[in-house]
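Okay, got some structures for you below.
Shared chain: subunit A. Partners: subunit B in the first complex, subunit C in the second.
Our next item is the complex of A and B:
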């Protein structure tokens, strides 16, 4: 098996997590027109949530995803009522800044508690060896977990009453309210789910790489790239675009120095924004 | 005429005070305090042209400061240019860059534009961190001879300080000039309703590109001056995302859209930040406090300090622009 193929496969595995994290951003954007700048901080909290739980219980790290997701949801609901609810439907600057303010508070507290030194979750699953290359078990398990969560979200949005209500509010808030849907409740739940997805992706990343309280921002930026590639407000497209971004990283890693990758990604990001402002997957909504 | 505006003379008085106060008794501590305030005012005031006047959120405003710093630094250290032409050349180069960039990304509106500016910041930082002539990720250091050309390091730093104060004065006067001009009215129209502005004959594309480019010029000059003062530059201190965001906090704190508001917010925030960073109990919580402050302003007083003054004294609008 060639090195390029191995690098591509690893790119796809990590890309699933990029996709999961971008789904959270995309869902919130699509439902309430808010660009959630707390996203990176929530990813970082997911990492530290996993770290704390794993230090306390030392069981299979992927089982601990469930409490991380639940805590992320509750925390998201709280943040929604503190900082987001009041700025919905008002100029974009207000929601950008109020979510950014929450981001500063979380990062500030996190830095005071954990400093900015690196942590890691010391949990390893046996890997799969193909020829000269070994894929670690964690990469595979994390990718599978990401895809399972993404599919669960998709089923929830399309198969349940609540999921349909969320999509209705995303489509047209006034019309949804006329049909008897309480938009405040739906927005709260959607924000909670978005944060839970961010926390879950952070928890998954923490099983792969060492992290600091500031690591979330790198994944937040990747989430922006992925969300824009997919078109804002299309959660499932985000998963596909995440895998594409992972593939791109996997494809260029053997060719050039890693430090050039941000330039390629963000150059692509700006170009896609300008050329295809509705995403490469066209204009249809989620 | 701008000369008949009371605020113009207030700007002149404040700038002269900035220049003279630390000179009395060679007060270097005060000078270093004031230079940070002056830079904060330059950044917030020029950012105000985009956010407050035109209604476009630029998250990557610091790109202009950092790029200006790099171009100026390169010209002074490698090409041995004198400081003032190097700083002006940096300003022109970055403005041209912003004009070309603006023609592309200003087709985007609202949140899409805001996202693109984040992308540009990260892309430029990544480019500079890999760019060989500019020292890649380790950056560049200034040879001491660069200071001797201005009569030794001590004198050079004073000259540099006075230049920064001059740039601050220009920034404020430029802001006031644009606000009282027809061009400024066009920008305000774009902020209120871009489609309506276009229908009424405002050439939005041209106006937006020009203001984006103008808002790049003085921060770039200031960047060239400041990194000359520091004697070194690297991609992480030149393009710090946090600094870009703090500029927005300053603007919101003081009151976006107002010349005095931007300056006041910058001055106050800079004082608050240096107090928090130097206080042993609070230094860990500087981000928390700044974030809480921003949240409170956003939720309860979106007009900032100036909005509050306007409500108390409606007639003050005539003077405090």
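Our next item is the complex of A and C:
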């Protein structure tokens, strides 16, 4: 196997995680027009949620994804009613400030509790070796989990009444309310799902790399790139765009130093904003 | 009334005399952030030195006895905090002397402040040479300079595999770059092939892309790393990806007692070390290496790393200069430090005194340590090089 192919496979595996982490941001952005600046902090909380559960139970880390997702949903609902509900429909700056404040509170409390020293989830699955290259079991399992969660979300949004209600509110909130849909309930659930997705991606990342309470910010930045690539409010598009971003990383890393990757990614971010302002998948929202 | 005034004057004089008998030493510690592990170990070295000096009654100099008061703050591994805090310690806490923060990068920032105020700073955990070549007058380096770090490892490799293909993978920080640049030149001079060479961002946690490139380069030896957080992650991912290197030499991280937590991923890994408990120098001043090791292990329930030893040794060298001077006058203590040439448990300490490299360490030398298993299968760190200092034979290849 060539180094370039190995790099591309690594890119796809990590790209699935980028996609999952962007799905939550994309869903919230698309449904309620809120740029959720708590996203990075929620990813970090997902990492620590996995760490605490794994320390307590020491079972297969991927089983522990379920309680992390449930806790993320409940925490998201609480944050929605505390900090977001009051700014829905008001100037976007208010929701930016509100979610940024929540983000700072979480980071502050997290730093006080866990400091900014790195933590590890010491769980390892056997990897797959192809020639001189080995792909770790954790990378493969995390990528599979990300795709499964993304497909489940897609099914939920397109095949269930609640999912359709979320899409209806995203399309036209007033019309949805005229059809008897409670937009407050739908927005609460959508925000909860968005946070649950962020927490899930954080939990998966924690099985791959060491992390601190500040680690979510790197994935938040990638989430913005992925969301802009996919177009706002396209959760499944976000997964595809995440994989594309991972592939891009995999394709260019054999050619240039890894430290140049952020420059290329954010250059792409600007190009997509200028050339495809509605994202490469264009069209309407979730 | 006169008696009352006399009494008050006596009390004030007594209080003032008492206050003069405390020496305040300021420094920052990375209690949080990426430098946390190494910095805390250095801090424990300062702390043990203070406790031992104070419990022995203090430093006796010029007919007085000085107790040590350490003032420290968390710099969060952040150079902006270092700048603010060193100013604060000098201006508000009235520090008489300073110790450096941990790491070359933070020390370079602290040095700007201490030099500006004309304060002596003993640096430890700061090996990059550049800071000592800027015309500073009150900076004194305890560590052997960065250029020495991988020299020992390359010398050792030359005896085992003279045609090895070496990959340099290192943190893009002042210290690591200062270590690796001269090492690359030395590797080529020794006839090794430098098959791969790339720096990574300081907070890197995903080494997949870089390791793919290392494997593609067919390198058999990996040298580099930076500090604990990235070095331990790199070692874990090397093992997870089965990158079967014959020799792995990482900076700083494997010296920490915490390295045992890596399990098999940490086995065989080597670290250029400023000091190991096995290096038995004949101390002309202060405790022996065994006594230091024993006292440290008893206090902290973990063996000392070279960062801890460096912290303690910095205190020791300052103590000796104060004793020689008979007081705390900065100019006189600096003069005593300039003339220092002494062997302690830490090894030899001597500072350059020329204007263009004042304070650079010229006396201290390094060893190469390796994590091996003892007869009971327990991980232990052995001195593997140079031959005259080794406590066990070097294991090569490790895979």
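By our rule, the second predicted complex is superposed on the first by the 283 of 286 C-alpha atoms of A that agree within 3 Å, B and C clash if a C-alpha of one lies under 4 Å from a C-alpha of the other, contacts with A are read in each partner's own complex, and residues count from 1 in each chain.
One rule holds in what follows: a residue touches a chain if its C-beta (ideal position, glycine included) is under 8 Å from a C-beta of that chain, and two chains touch if they have at least 3 such contacts.
Every value quoted in this text rests on a predicted model; they were computed, and no experiment measured them.
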Query - Partner chain(s) touched by A:241 [first = subunit B, second = subunit C, both, neither] - result: neither
Query raised in the report: Between subunit B (first) and subunit C (second), which does A:259 come into contact with in this model arrangement: first, second, both, or neither?
Result: both
**Report entry** Which superposed partner A:104 touches (first subunit B, second subunit C, both, neither)
**Finding:** first
Report task. Pick one for A:221: touches subunit B only (first), subunit C only (second), both, or neither. Result -> first
Requested in this report: Go through the superposed model and pick first if A:116 touches only subunit B, second if only subunit C, both, or neither.
Outcome: second
Query raised in the report: When the two structures are overlaid on chain A, which partner does A:87 contact: first (subunit B), second (subunit C), both, or neither?
Result: first
Requested in this report: Look at A:193 in the shared chain and tell me whether it touches subunit B only, subunit C only, both, or neither; answer first, second, both or neither.
Outcome: neither
Query - subunit B/subunit C common contact set on subunit A - result: 111, 257, 259, 261
Query raised in the report: Taking the complex as given, what residues does subunit A use to touch subunit C?
Result: 2-3, 6-7, 10, 14, 111, 115-118, 120, 124, 127, 129, 132-136, 138-139, 208-211, 215, 218, 249-250, 253-254, 257-259, 261
Query - Of all residues in subunit A, those that touch subunit B in their complex - result: 33, 35, 83, 86-87, 91-94, 96-98, 100-105, 107-109, 111-112, 217, 221, 224-225, 228, 257, 259-263, 266-267, 269-270, 273-274, 277
**Report entry** Contact footprint of subunit A on subunit C as seen in their complex
**Finding:** 31-34, 36-37, 76-77, 172, 198-201, 203-206, 208-210, 212-213, 215-216, 229, 232-233, 236, 240-243
Query raised in the report: In their complex, what parts of subunit B are in touch with subunit A?
Result: 51, 55, 57, 104-105, 107-108, 110-112, 114-116, 118-120, 122-123, 125-127, 129-130, 137, 241, 245, 248-249, 252, 256, 284-292, 294-295, 298-299, 302
